[in-house]
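To start, the structure itself, in structure tokens.
Chain nomenclature is as follows: A, B and C, assigned in order of appearance, with residue numbering initiated at 1 for each chain independently.
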Amino acid sequence: MAEKKKTTIVLFSGEYDKAMAAYIIANGAAAYDHEVTIFHTFWGLNALRKDQHVPVKKNFLEKVFGKMMPRGADKMGLSKMNFAGMGPKMIKQVMKKHNAMTLPQLIEMAQELDVKLTACTMTMDLLGLQKEELLDGIEYAGVAAYIGDAENGSIDLFI
Amino acid sequence: MAEKKKTTIVLFSGEYDKAMAAYIIANGAAAYDHEVTIFHTFWGLNALRKDQHVPVKKNFLEKVFGKMMPRGADKMGLSKMNFAGMGPKMIKQVMKKHNAMTLPQLIEMAQELDVKLTACTMTMDLLGLQKEELLDGIEYAGVAAYIGDAENGSIDLFI
Amino acid sequence: MAEKKKTTIVLFSGEYDKAMAAYIIANGAAAYDHEVTIFHTFWGLNALRKDQHVPVKKNFLEKVFGKMMPRGADKMGLSKMNFAGMGPKMIKQVMKKHNAMTLPQLIEMAQELDVKLTACTMTMDLLGLQKEELLDGIEYAGVAAYIGDAENGSIDLFI
């Protein structure tokens, strides 16, 4: 039995459009029977946040980060033409018209396709994000696990 | 006969400097006899726009996007030190002094070196870009074609 | 004897957080016995600048670039939540609390782990950076050398 091809994506960026690109490629690769991992680090962790407030104990700086960063995929801005939040509204309106999947739908689909969604524990610590605040059913790992996944990958991307 | 090595680049970003990096790597890989594809998606599509206005039918939001996005490679801004358009002028002045190729020249060279320039049809729809507005001699494809190119690539980058 | 795996990273971005990600992955790969290269180009060159002023002859535009760009890794801003310099201070405070390595420490560690740090000579010319201004013990190369390193790489990233 041939071994499965692997696709490993580091999602570093915290923008709606970049996260969309990451998830579209991930889901596409999964559909082509790749073993796919998205390793969420730094601002990319925000794509995994639950959209409601989760009461956890935080120190002052962690609270500031928590407030300033988008709570979940749907609240992320655009990397270009964000226009103080108008850009995402425009893009979402167009996406609706074209029946394109939204980012939360793409993430749900990734989970159904068994794409492994990993949160980088080191940057969770730095940004003060706790497991309770992130989506259920994801994994937690560090850079060593990422290297292990990526070094045998057909497609390795940093987004 | 040995199979050719492949280089596949996703050009997501719409900035002059990032597109330059993408095309310099692409042309370098082509010179080393790789089979090279640049898959232009989201803001990266703007590198493929013709620099003159092309009269096509658009709805309101498509017109807004069309106006706000740079029309062609030469009009793109910088990812750093853009200074409301001063940065690109400065960089271009320096490039001229050093006889460095401009982005439009790099794109022309890529076409001469048979680099496959692909426009992502899904994001063309979202941004309201039509084939008539893009350069001649390019290809049109979706994420499946990208996966097919990238999964056997020696070099896969997301820029 | 099995050949070593290779990791080749293009560091294009000039932000503290992105450079941190690049160096954490590079050092991780080196710890897993990969042969690792970070190819610094465009704004990524700033990570290699010495933090003191080095008196070299520059023309007007080169002086402007030299002044506007961060002098060394420690002075780089964040790609998100920079808040006119407050963001990096906050992140560094949190990093200190967590005993996380700073970017200058990560670069030093990379040099100890024999990660090859390369400066792109073409963009050094464009930005007017001279060898005297960059860290000791690094290498100088162009896109051809990058392709040579990357085409046999297990992990190739553009950051």
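The rule is simple: a contact is a pair of C-beta atoms (placed from the backbone, for glycine too) under 8 Å apart; a residue touches a chain by one contact, two chains touch by 3 or more.
Fair warning: this is a prediction, and the values are worked out from it, not measured in the lab.
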Homomeric contact chain A-chain C: same or different residue positions, threshold half: different
Fitting chain B to chain C on CA atoms, where both chains share a sequence, rotation angle to nearest 5 degrees: 120
Distance from chain C to chain A - Cα centre to Cα centre, in angstrom: 25
Multi-partner residues of chain B (each touching 2 or more other chains): 156-158
Sites on chain B touched by chain A in the complex: 10, 12-14, 41-43, 61-62, 64-65, 68-69, 122, 125-128, 143-144, 146-148, 150-153, 156-158
Interface residues, chain C side, partner chain A - complex: 5, 7, 17-18, 21, 24-25, 28-29, 31-32, 34, 79-81, 90-91, 93-95, 98, 100, 154-159
